[in-house]
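These are the structures in question, set out in turn.
In the two complexes below, chain A is the common chain; its partner is chain B in one and chain C in the other.
And then the complex of A and B:
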C-alpha cells in the first residue's frame, strides 16, 4: 500500500516561467525524488490536461497541484475556478504558488477554494524548506482523504 | 403699467393719483353745489318777487281802504296815505323787478291810472265839499230866512190854514236840508229822492201860494224863497252830480284798476308759485342727481383707487416675492434659480443684480466643486493605477529575482555536490535573469517618462518619418524575412515625433515576434480619416489575436506568449502615448487573419493647440 502510494505521487506544476518551473522541480525532486512533476506552461494547457485525465478511463488524478497566478491565456484564478467548480476535480488539493503577495490575489484564491496560498520565497534555503513543508503536509494530512474520496467517486 | 417706473416714483405716482382723484371728487362736489346754489338763488329771487306781490296785494287793499275813507270822511290824511303807498309800491317794483315781468309793469301802469283817477276824485270831492259845506247851506238858510220872514209878514193876515200850510212848507224846507245833508253824509241815493220829492213839493206849494194870491201882490219873500229854492235845487243837483261822479270813479274805475292790480298780483303770485314749484322740483331732482353723482363717483374713485393701489402694490410686491424666491433658491445653492427680468435701476434692480452675482458665485462654487470632485476622482483613479502599477511592477521584478536566487541556490547545491560543470551551466540562467531584470527596469523607466515629456509637439510628415524608420530597420526586416510597405499619401500630424516613432518601433517589434506568416510576413502602414479624426493603421498578415485578448494586450506586463522575448510593456507604452495625444489605440483581428492596429488622432488646428 505504502509502496504503491509513493509511486503514484504526481505534482502538476502550472507555471509560465520556465526558470521558476525548473527551480521548483529541482527542489521537489531534491526533497522527494519519487514525486513525478508534470510542468504545464499556461492555464489553458493545464485545464486541457486535467480534463483529459478526467475523460480517461483510468482517471489517475494528480496528487497535488502547484498553481501560479500570472499565467497566459487562463490565469491562476480562472484555472482554480474551473477545477473547483468541477465535481470530479474539486477534491484535488490546489496550492497557490506565486510571487504575488497582494491581498486581493490571496482573498480571491482562498475564496475560490484554494487549499493553501504560498508565496515563492526568494532565499534559496527558504525555497527548499517551503517545498519540503508543502510535500510533508499533504503527505501527512490530506492524502488518505483524497484517495478515499476519489475511490468513492470512482 | 408701472413696470417701467422706479420703485420710489411708483409710490409717488400712487400718492399723486390718489390726490388727483380726491381733487376730482372735490371739484365734482363743488360744481354740484354750485348748481344747487344757483337754484337757491332763483328761489330767493322768486321768493322776493312773491313777497313783493303779496305786499302789493296788501298795499292795494290799504289804498282802497284809504280811498274809501277819504271818500266818506274827506280826510286829507287818507288821501296823503294813498299817495304815499302809491309811491312806495312804485319804488319797490322799480327796485325789485325792473328787468322782467310784464305783470309788474302792468301793475305800475294800473296803479298810475288808479292814482290819476284818485286825483280826479279828490278834485270832485273838494268841489262837492265846497258846494255842500258852503253854497248849499247858505242857499238853504237864505231860503229858510226868506220864508220865515214871509211867515212873519203873513202871520197877521193869514188864516189858520195858510199858517199851517206855511208851517208845512217850512218843515219840508228843513227836511230837504236834512235829506240832503244825510245823503252827503251817508251817500244813500234814497235820500236824494227824498230830498228831490221834498224840493218839488216845496216848489209846488210855493207856486200854489203865488197863484192863490194872484190878486194880491206876491210877497217878495216868497219870490225870494222860490228864487233861493231853485238855486238850492240847482246847486244840490250839481253836488249830487259831482258826488255820483267821484263815486263812479271810485267804485267803478278805481275798483277796476285795483282789481286789475290784484288780479295781476295774484297771477304773479301764482306764476311764481308754479315756477318755485318747478325750481323746487328741479332742485330736488338736481340734488338727487348730485347725490347720485357724488356717491357713484365716490364708488368709481374708490374702485379706481383700489385697483390702482392693487396694481401699484402688486408691481412692487410681485418682483420682491419673485426675488425672495430666487434668493431662497440661491441660498440653497441652486445654480439654476430663475432670476426675474427686472431692468429698472432702483432698489429691486440692485437686488436683482445682486441675485445675478449670487447665481454666478453659486455657479462658480458648483464648478469648483465639480472640478474638485473630478480632481478627487482623477486622484483616486491615479492612486488605483499607481497601486496596480506598483503591484504589477513588484510582481514582475520579483519574478527574475526569484529566478536568479533560485538558480544560485541550485548552483550552491551542485557545487557542494561537486557537479561543477552543471553549476557553471546554470550561471548563464542567473545572468539572463538579471539581464531581464535590467531590461524591465529600463522599460519601466521609459513608461514612466511618457506623459512627463509631452510638450514638444511639432508638425511631422508621416511619409518622411516612416521612410527613415524603414531605412533604420532595413537590416532587421531583411534578416527576419519581413516586408514593410506604407502608402505614399500619409498625412502630416501634429504630434511628439519621438513618441510616435516609439509606437511604430513597439508595433514593429511585436510584429516581428508574433506576426510571422510562413508564406511571407507582410506589414502595411496606411491612413484613413473621419470628420474629426485622423486614422493610421498598422496591418500584419500574422496568425491574428483572439478577441478576448484585444484589450488585455494593452495592459502592463501582459504577454500573449512567454516563449517570446519581451517585458509586456510595449503596447502599454503605446496606449499611454496615444492617450497623451488625446487619441487612442486598438486592435482589430481575427485568428489566422492578421491583425490591424489602429491609431486615432484628433484633427486639431495646431494654431489653437
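And then the complex of A and C:
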C-alpha cells in the first residue's frame, strides 16, 4: 500500500450559512471535541475538495458528510448524486442536514442514497445520538467494506 | 202410331190366350209382339233375359196355383208394369193383388178390347212417369250428396224427423247414434238462444207470412263446439184446414262463412271505430278507402281522398330521400314505420306516427298498401318542449361544469402555489430559528454568563422552541389537508415508546406541581406495527392538553389492550383522565377544530392545532377518540386504536422513513446488519437463520399450486392458524420444508414467508 489511505476522524460539513455552520460545529464538538470539522460553503467547493482528497496519490475518507440541500453552485441533491455515483466515494455515509422538510426533498434525498435525513433545528443531544449511531456503525463495519472495495478496484 | 210393344203373357189356358190376342188385335197395340208362357218359372226366366214393355199374368198357372203365384209376384223382375188378369171381380181381392206388388189388375170378365187398350195405355204411361220420377229422385240424391247438404223431413203431426246421413255428420254423429230421430233430436242439439228465433220464423212460415223458412242457427257438435247451420225448408203438405202436415228442407254447415263474417265484422268495426287513421290504397298507391278517423285527423272527407294519391297530405318538411327510404323499406321489408310530418286540408301541419304495410294476393303480388297512423303532434310538442328544456339544462350544466373546472383549476393552481409556499415558508422560518435556538443553546453553555442573562437566553430558547412547534403544526396541518400525509407503518417497540411519553409527561406535570400517573389494565403487546411518530404526537398532545388545563390534582393515563384476534390485530385503549377545568358540553365537539380555545386562558395558549392534528392522525390510523367532560370536574379522553401486533420485529431493514414535521426522526436507512447492530438488543436471527437460509423460493416450487395458493392467502392475511395448518400438512410429505415453514410461522415472519411464496414481490 504505497498510497496514503486512511479514514480520518473528520466530518465534512457542506453548508452555505455561516451561522448554521458555526452552530453545527458547536454541536459536533458537544458530541466529541476531537473530531475535525471541515466546512465547505458550496456544492462545487465540496465536490472539488472530496475529489482532491481522493486523488491518485491519496484516499482520505471522512467519517461522515453533513449535507445541506439549499446550496449555491451544486445543490445538495446534485452533490449527493455525484457522491453516490462515484464507485470509490459511494460508501461514505451522507447525512442530509437541512431546514427543509418538504416531502419532495426528503424523498429525493432518500432515493438518492442519503443514509439519513436530519432536520434543523435539532436538540444538541438528539443530534449527538444520531451521528453517534452512524459513526459507530461506520467504524465497526464500513471500514472493512471500503478497504475491500478499494483492493478490488486497485 | 205407337211402336210395336213387347208383351209377356203368363197363361196356361190356350183359349184365354187366344182371346187375349184377339182383343189385342182390336186395339191400337195390334202390332204388339206377344209372348205367352204357361208356367210361372219359364216366364220369370224370360223376364230376366229379355226386355218387355208390359207383363200380363194369370195367377193360376201350370206350376203355380193362384195363391202361390200371388205370393211370388214380388220375385219377378220389376222392369216393366205387371198387370194381373183375374177371374175374380171382388174389389177386396183386387186390392190384395195390388198390395202384393202388382201395378194393376184386370178382371177377365171385363176383358175386352177397350179395357185392354186402356189398361195397357194407362200402365205404360204410368210406368214412364214413375221412371222419370225415379230418375229425378236419383238426380236429387246426387245433388244433395254433391252439395254436402243435410236433409230433413219433418212429420209435424207425429213429430217424426227423417234425416240423411249428412245431417247427422254435420254435428259429428251417425244417424244410428242419434236414433230414434224426432223433432226432439233437433231441439236437443240446437242452441237455445237461436231456437227462439227459429220458432218465430217457423210460425211466420206456417201462417203464410213467409214463403220459406230459413234460419241461421248454432248446433252443438259432438266435440262440444258450436257450429253454425243454415237450416232452410218449406211445408210440403197441408191439411184441408191449412194446417202444416209435413215439412222438408236442408242443413248446410256455414261455420266457416260465419267465422269469416265475424272477422270481417271485426275488421270493419276496427276500421270504422279505431282511434288510428287508416288509409287503404291499391297497388299503384291510389287511395281506395279511408276510415272516419283518417277524415277527422286530415280534415278531408272520404269522397275527397278516394282516388287520390296520399301525397296530397305532403307537408314539404321532408326531403326526397325520406320518401325514397320509405319506399325502399316497403319494397324490401313489406312495411315502413316512422314519424312523418303531414299537412291537413286547412294547411295546418301535424305529426303522425305511421306504419305502412304491403298486403299481397295469393300470387304474391302487392294488392294493397295499408297506412295506419296516429296524430302525435301533441306528443311531439311535449317532446320538443322537453328537448328544449333539456338542452337549456345541459347548456347550464356545461356552463356550470366549465365554471367549476375553471375554479377547480384555479384551486389546484392555488393549492400547488400554497404547497410551494408552505415548503418555502417552512424552510425560511426554520433557517433563522436554527440560528436563534443554536446560538442561545451555545451561549447557555458559556459558564461566564450572568444568571440574569442565562434567564433571558432560556426565554429566547424556549420561545424559539414554541415557535418551532407552531410552525411544525401548521405545516403538518397543511400537509394533512393536501392529502400529503401517509401512514409510515413499521414494527416498533411499544413499551419503549410509552416510556418516553410517560417520562416527558411526568416532567411537565412535575413542573406544574400536579401528579401524573400511569396504570395498566392488561398486559400490553411489546411490539406493534404502527406509525410511531403519529402515535407519539397523538399521545403527547392529549396528555399535554390534559396537563395544561389542570391546576390541581393530576392527570391519569390508563392503557389496556383488547384480545388479539386471529389476524393478529389488537385494540389499544388509552384513557387520559384529568381533574382540570372541564369542557362545557356545547364545546365538546369543537375542541378538535383548528385553533379552538375555550375562553381566555392567558398563558395556556398552545399552537391551537395539537388536538386537531392528534385526532386527524388517529383517524388516519383507523382509530377513534371521544371526550367526556364535566365543567369544573375534569375531562376524560378515550382513545381506541387498532394496531397489528408483532411478537418480534421483522428483520428486514425498515423502509427509509420520512421524518415527521415536529419530531426529528432519524432514519438510518442502512442495511440489515447495521440495523441489527444498534436497533435491537438481542440477535433474533440466529435461532432459525440456518433453517431459512436453506430455504429458497425454488424449494417452494415443488409444492402443489393449490397448497401454494392456500399458503399465500393465509400468509397475506397474517393468518397464523391457516398457515400453520398448511405447514403441518406439508411436514408429513416433506419434513425439512414443513419444519422450516413452521419455524417461520412461529416467528411470525410473514414477510419472509410471502417472499418465498411470491418471489416477485
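Just so we're on the same page, the second predicted complex is superposed on the first by the 113 of 154 C-alpha atoms of A that agree within 3 Å, B and C clash if a C-alpha of one lies under 4 Å from a C-alpha of the other, contacts with A are read in each partner's own complex, and residues count from 1 in each chain.
To be clear about the criterion, a contact is a pair of C-beta atoms (placed from the backbone, for glycine too) under 8 Å apart; a residue touches a chain by one contact, two chains touch by 3 or more.
Owing to the predicted nature of the structure, the values given are computational and were not obtained by experimental measurement.
J.: When the two structures are overlaid on chain A, which partner does A:124 contact: first (chain B), second (chain C), both, or neither?
T.: After superposing on A, A:124 lies in contact with both chain B and chain C.
J.: So, does A:72 touch the first partner chain B, the second partner chain C, both, or neither?
T.: After superposing on A, A:72 lies in contact with chain B but is clear of chain C.
J.: In the overlaid three-chain picture, which partner chain does A:41 touch, first (chain B) or second (chain C), both, or neither?
T.: It touches chain B, and chain C stays clear.
J.: Looking at the overlay, does A:133 come into contact with chain B only (first), chain C only (second), both, or neither?
T.: In the superposition, A:133 touches chain C alone.
J.: Chain B or chain C: which reaches more residues on chain A?
T.: C
J.: Name the contact category of A:26: first (chain B only), second (chain C only), both, or neither.
T.: After superposition on chain A, A:26 lies in contact with both partners, chain B and chain C.
J.: Just checking: does A:16 make contact with chain B only, chain C only, both, or neither of them? Give me first, second, both or neither.
T.: Only chain B; A:16 stays clear of chain C.
J.: So, A:107: does it touch chain B (first), chain C (second), both, or neither?
T.: Only chain C is touched by A:107; chain B is not.
J.: Which residues form the common part of the chain A surface touched by chain B and by chain C?
T.: Chain A residues touching both partners: 17, 19-20, 22-23, 26, 30, 70, 99-100, 102, 120-124.
J.: What part of chain A is in contact with chain C in the complex they form?
T.: Residue list for chain A touching chain C: 17, 19-20, 22-24, 26-27, 30, 70, 98-107, 110, 114-124, 126, 130, 133-134, 136-137, 140-141.
J.: Contact residues on chain A for chain B in the complex?
T.: 16-20, 22-23, 26, 30, 41-42, 70, 72, 99-100, 102, 120-125, 127-128
J.: Under the definition above, what is the set of chain C residues touching chain A in their complex?
T.: 423, 426-427, 430-431, 433-435, 437-439, 441-442, 445, 464, 468, 475, 479, 484, 656, 658-659, 661, 664, 666-670, 673-674, 677-678
J.: For chain B, which residues count as touching chain A in their complex?
T.: Where chain B meets chain A, its residues are 391, 395, 398-399, 401-403, 405-410, 412-413, 429, 433, 557, 559-562.
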